[in-house]
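Down below are the structures I want you to see.
Below, chain A partners chain B and then partners chain C, in two separate complexes.
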Partner chain A sequence: MQNFLSTEKKPIGPGPQKNRLKFLYSKKAAPYIFVSPFIISFLFLFLYPFASAVNMSFQRVLPGQVEYVGLSNFERVFNPTFYQALQNTSVYVILTVVILTVLPMIFAIFLNHKLMKYSTFFRAAIFIPALTSVIVAGTIFRMIFGDSDGAIANQILNLIGLSPLEWRYGAGTGMFLMVTLASWRWMGVNILYFLAALQNVSNDLYEAADIDGANVWQKFRNVTFPAIKPVVIFLTTISIINGFRMFEESFVFWETSSPGNIGLTVVGYIYQEGIQRNDMGFGAAIGIVLLIVILIISAIQLYLTGAFKKDD
Partner chain B sequence: MKKFLFLMASGALLLSGCGDNGNDGGSDNSGNEEASDGPNLEATQVIGDDVEGATELTFWNFNELHTGFFEDAVTRWNEEFPDRAIQLTAETYPIDQMHNNLLLSLQSGSGAPDIADIEVSMFANFLQGEPQMLPLNDKIEPELDNLVESRYQMYAKDGQFYGMDYHVGATVMYYNEEIMNEAGVDIDSIKTWDDYVEAGKKVVENTDAMMTTVESDETWSFQPLISQRESDYFDENGDVILDNDINVDTLQFLHDLVYEHEIAELTPGGFHHAEEYYGYMNEGGAASVMMPMWYMGRFLDYMEDLDGKMQIRPLPLWEEGGNRSAGMGGTGTVVTNQTEEPELAKDFLAYSKLTEEGNIQLWKILGFDPPRHDVWDNEEMRADNRFYDYFHDDIFDILLDVRDEIAEVNITEQTSNATQEIQSNVMHSVLRDQSKTPEEALTDAADAVRSRMSE
Partner chain C sequence: MKEKTSQGKLFTTLLVVLFSIVAFLALFPVISLVVASLSPASDLMRFGLSAELFLSSLEFENFEAIFSASGAQYWQWYVNSLIISGVLIVLSLFFSSMVGYALALYDFKGKRFIFLLVLLILMIPFEILMLPLFQMMIAFQLVDSYLAVMLPLIVAPIAVFFFRQYAVGLPKELMESGRVDGCTEYGIFFKIMAPLMLPSFAAMAILQGLTSWNNFLWPLLVLRSNDMFTLPVGLATLLTPYGNNYQLLFTGSVLSIVPIIILFLFFQRFFIAGLTSGGVKG
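After this line comes the complex of A and B, so read on.
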């Protein structure tokens, strides 16, 4: 510090410069300086786009002609296509939330068990899908679930005596494809979360439970589950948000238009309207509506799981 | 409060998520014109960087083959006009990404290239509001007599021409002669669609193949046929005519090919650019397919086993004296209003796309039927190339024959809406689900487009 000050050309007095340096050491200011990288990136990368999306949702945006159109974009949002998209997305969210919390939990409990052999190998193997890109994995899935009788999935159906399916053309099978792709991809990551939580459960508790004569279910309900409950809450929240934001899982199977809109998601609808049909104001309005939907659902979910209570 | 902030942040994440999702469409298999199938890798190529003092221009496209065409054009231009030499940076992006980026940069007023390719089905978006592209009338109008004019009207608004196409996209019938012979049908005896249906019945009876395939996911079966009958999605005033009698009748015809005459099946993979279809066709799954001339390249690249077996013929007639072709697809090259060298960019574009030499190169390099019809009987066009080897020698005689039988396609600001409705609803409900009659499906789609126009 002394060195730094002595290199200054001006004689150092109790001038403004010293005050400025003092500011750095102020206990009040320092926290703000440390969080400023986050605040700044939040302001520029999140809040600004968010604000301009809100602004844009009241506009009609065309090259050289941007005008405010009041609520007309929002009036158009609630149309049959939007409801179809919202329905597809909601079904997808429900399925992925259930599959991606229950199955990883069960798998993690198995993998964490003393009697499980090769658990490290399984852990690694099950995690690998998370490293692939949705586009690459989706392309492979598309081939596996091709329309022809020669595609792998249809060959398997054939083997067990069922007739081949046109996977990408039915509402049910279409949803199956999207959910399967997402489940396959995220299973490993979610298992890791559960494993981390499980390993924190002290063995003493199980021993104590054994002494008290608890059966397997009681041990799970009263010892294991309380320990992994935060993970369950976290994963449901993340799965809900990611589910509503889903785009690629649908894109890889049908690109931007699916037959009868069976694969249309809300974000896909934003893309279709905002970019492909060049109606950015309308696209922004759909985005705002989606934001509100996610806010409400997440709030309900967090309230029900008691996440707010600890804060208060 | 903390939770609230967290939720706000996740909401913002959601919004930003939409932004980058749009850009990662890694592979594009849709039948968008000459877009190369399979993964489109990004590529940048600088042409003419060995010329000192050359003016730098940038060019965006979605198909690397187009870079090859401009590479040749730049080389010739720099030899001919050394004092106005050009250094062209050609950048290739996946088709969706390129159009999104171009649209956004034109919207925001910065970042656009000097020259860009715009695919015809997306062109409508660029004509909305005030087009951010330079009119090319001073280049196109003097040559209009030598050009297939309908191909330039597609890229026009209020009498201003904005784009120059690569090809006419004349729709023809590709017959697999081996199958037709096996069925005992002389392809030159097929004059009308009735003949075609009769021939189809013989094919189905006498061979293992189907007569043809009908697209259920895209519009390369429907649109050429209505255009052949001089109908369209929109009339010349831009009003929706999607549900007119001709269109209903045509869609019924496609439906009947599959379900009544039983000579066609739905295209494996849903459209004629699907991997599944290439394999199916290559193995002799169908005796014919209706596609534009530029589809020749697909045969060369993906259906090697059909080498020497395919014959190109004009489309069968609907009625005596009708049209035997339709111009389909297209990519308009435009000069954006952000260029710093408007004259140079326009002159160069006209040199590459409008001159006789340029049009001959369109055929030689890309295998396209060039928009300038006065070169179609040029000697240079007759020189041997891989397309003649695969097909036959009189390709351009057929084209000359149908030259005046190509109806105009009306592209309006609503074209992408109409395409979207047809692809996601009409074809599916009529051809695959059979849940709606052609009339119901087309009326619904037309009403959906009309309701957007009244907003």
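After this line comes the complex of A and C, so read on.
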């Protein structure tokens, strides 16, 4: 803080103590003092770690000894385990993006419908899962989707004539658990985003569409969708980023190692290599590759949804 | 016309039935957790939660255990979580509101650039910075401290962004009249403008509090000793298949979310504003 202030003081030159103090209170200096916490945290908790992540990815980091190893960390990244992690994460991203955009949209349109009743109650009930931590939510999901025939999910399967599943031991069911857990937690929040956007659609528009004889689909395409399109773009963007960051939803089902790596995610792989095996250079390289993947996918997504075009 | 209203009634009924099912699915795991906490714990971990448990008689033994000496460890985690979340709420609201306020209501050189940096940080996943930050904590000997857990969250870009969007709508004339009355720039913020931003403080207190209360990966890295664990990290240690303290896992989970749900019922509006803060119009 002191350093930052002293550079700000320079323009007026070294003055008597009183003058300097006065400057700190001036209208010119105040905004810089206000934003200084951000500047400091940006420099020390973002820029420096970011630069050292890039730097580290070219190093072999051993206790008390660091050597540059060129691109060898990056060459090692592209191995079967990483591809497995990337594949799991990508499938998870695709499923959560679709489920957590389409379902909340449909639910919000219904909740906003003029014939809907008890809308406030339902909204609150569906929101409650967002208050749980993944660890607590995962604990209970493990109980519901227990491996024995007596666990409630298997009892239901049994009831409808299907054979019980060992949920945590198959790739498909494992993915189902993670996606269900995430969808369950975020559904209510995403519904609220859509509801907020739907409030802006005036009823007159629907009435006008009715007079023109528009059917349900035409009303959705021409009246509803334009209003909620920004929410669709926003939610797909954050779902992609959050999906690629996923770790806890896997951790809570398998801790740090899953059978056949069915639950391994890219961040889980960073954790395994960087923390558990203490190979920080390699972990950092995985992180950089992850960042590049996220940036490319987000750019494609923003291009496809036309977020760049509408710049007004 | 009559046909139309009966059709409408049918539609309403269908919607209510549909959403009753959805709401049931949303609440079912929470209810299950409460039922689990009132059932024999070791069987649960081995056999999972069965439908019969919902009908069987409930027992409060598990809760007796957590409130006795064997629950001491758990309450230590609870205290840790309370301290970390409490301090973090105060610090992050203080700093983030200042930054957001200045970005909204002052004209100064570099303002646009700083705002762009805020947005940039929002886009970069924390997990990429995690290893160097962890190294930093080791270097500064902060591992296993409250401060290490809090540091990355103290100036939260999402909160800065939210405060900025909120403050943009405030009347600048109030600042001018404050100046005329002889307030300093800081007096204007703390005495005049910050009180006007109160609803945004409430929303961000909830967002930051919940984020910190449920934070997992970073505390998992920097916390080492059992006595320093936060609730999610501590509860996760009970999740192993070799554990013998499943009672604590279930009752502890219930006691960690029930206060939040009660707060939610009282302050719904602010919870909703806080958790949907990412979508504020730019």
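Here is the rule we use: the second predicted complex is superposed on the first by the 269 of 312 C-alpha atoms of A that agree within 3 Å, B and C clash if a C-alpha of one lies under 4 Å from a C-alpha of the other, contacts with A are read in each partner's own complex, and residues count from 1 in each chain.
Keep in mind that, in the parts below, contacts are C-beta pairs under 8 Å (C-beta built on N, C-alpha and C of every residue); 3 or more make two chains touch, one makes a residue touch a chain.
None of the values given here were measured: they were computed from a predicted structure.
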Superposed partners chain B and chain C on chain A - clash or fit: clash
Which of chain B and chain C A:Q272 touches, first, second, both or neither: first
Contacts of A:V201 with chain B and chain C, given as first, second, both or neither: neither
Chain B versus chain C, judged by how many residues of chain A each one touches: C
First, second, both or neither for A:D147, with chain B first and chain C second: both
Chain B versus chain C as contact partner of A:S72, first or second or both or neither: first
Touching partner for A:L165 - first (chain B), second (chain C), both, neither: neither
Chain B versus chain C as contact partner of A:N261, first or second or both or neither: first
Contacts of A:L290 with chain B and chain C, given as first, second, both or neither: both
Contacts of A:H113 with chain B and chain C, given as first, second, both or neither: second
Which superposed partner A:M187 touches (first chain B, second chain C, both, neither): second
Residue range of chain C overlapping chain B upon superposition on chain A, of 3-11, 183-191 or 219-227: 219-227
Shared contact residues on chain A - chain B and chain C: 42, 45-46, 49-50, 53, 133, 135-136, 139, 143, 146-148, 241, 244-245, 247-248, 251, 255, 267, 270-271, 274-275, 280, 287, 290-291, 294, 298
Chain C residues touching chain A - in the complex, by the definition given at the top: 8, 11-12, 15-16, 18-20, 22-23, 25-27, 29-30, 32-33, 36, 44-51, 95-96, 98-99, 101-103, 106, 108, 111, 114, 117-118, 121, 123-136, 151-152, 154-155, 160, 179, 184-186, 189, 210, 213-214, 216-217, 221, 231-232, 235-236, 239-240, 249-250, 253, 256-257, 260-261, 264, 268, 271-272, 275-276, 278-279
Contact set on chain A toward chain B in their complex: 42, 45-47, 49-50, 53, 61-65, 72, 76, 133, 135-136, 139, 143, 146-148, 168-169, 241, 244-245, 247-248, 251, 255-261, 264, 267, 270-272, 274-278, 280, 287, 290-291, 294-295, 298-299, 302, 307-308, 311
Of chain B, residues touching chain A in the complex: 2-3, 7, 9-19, 21-22, 24-30, 96, 100, 103, 106-107, 122, 124-126, 128-132, 216-217, 268-270, 275-276, 280, 416-417, 420, 423-425, 427-429, 432-433, 455
Residue numbers on chain A that touch chain C, as the complex places them: 25-28, 30-35, 37-42, 45-46, 48-50, 52-53, 56, 107, 110-111, 113, 115-118, 121-122, 124-148, 150-155, 184, 187-189, 192-193, 196, 231, 234, 238, 241, 244-245, 247-248, 251-252, 255, 267, 270-271, 274-275, 280, 283-284, 287-288, 290-291, 294, 298
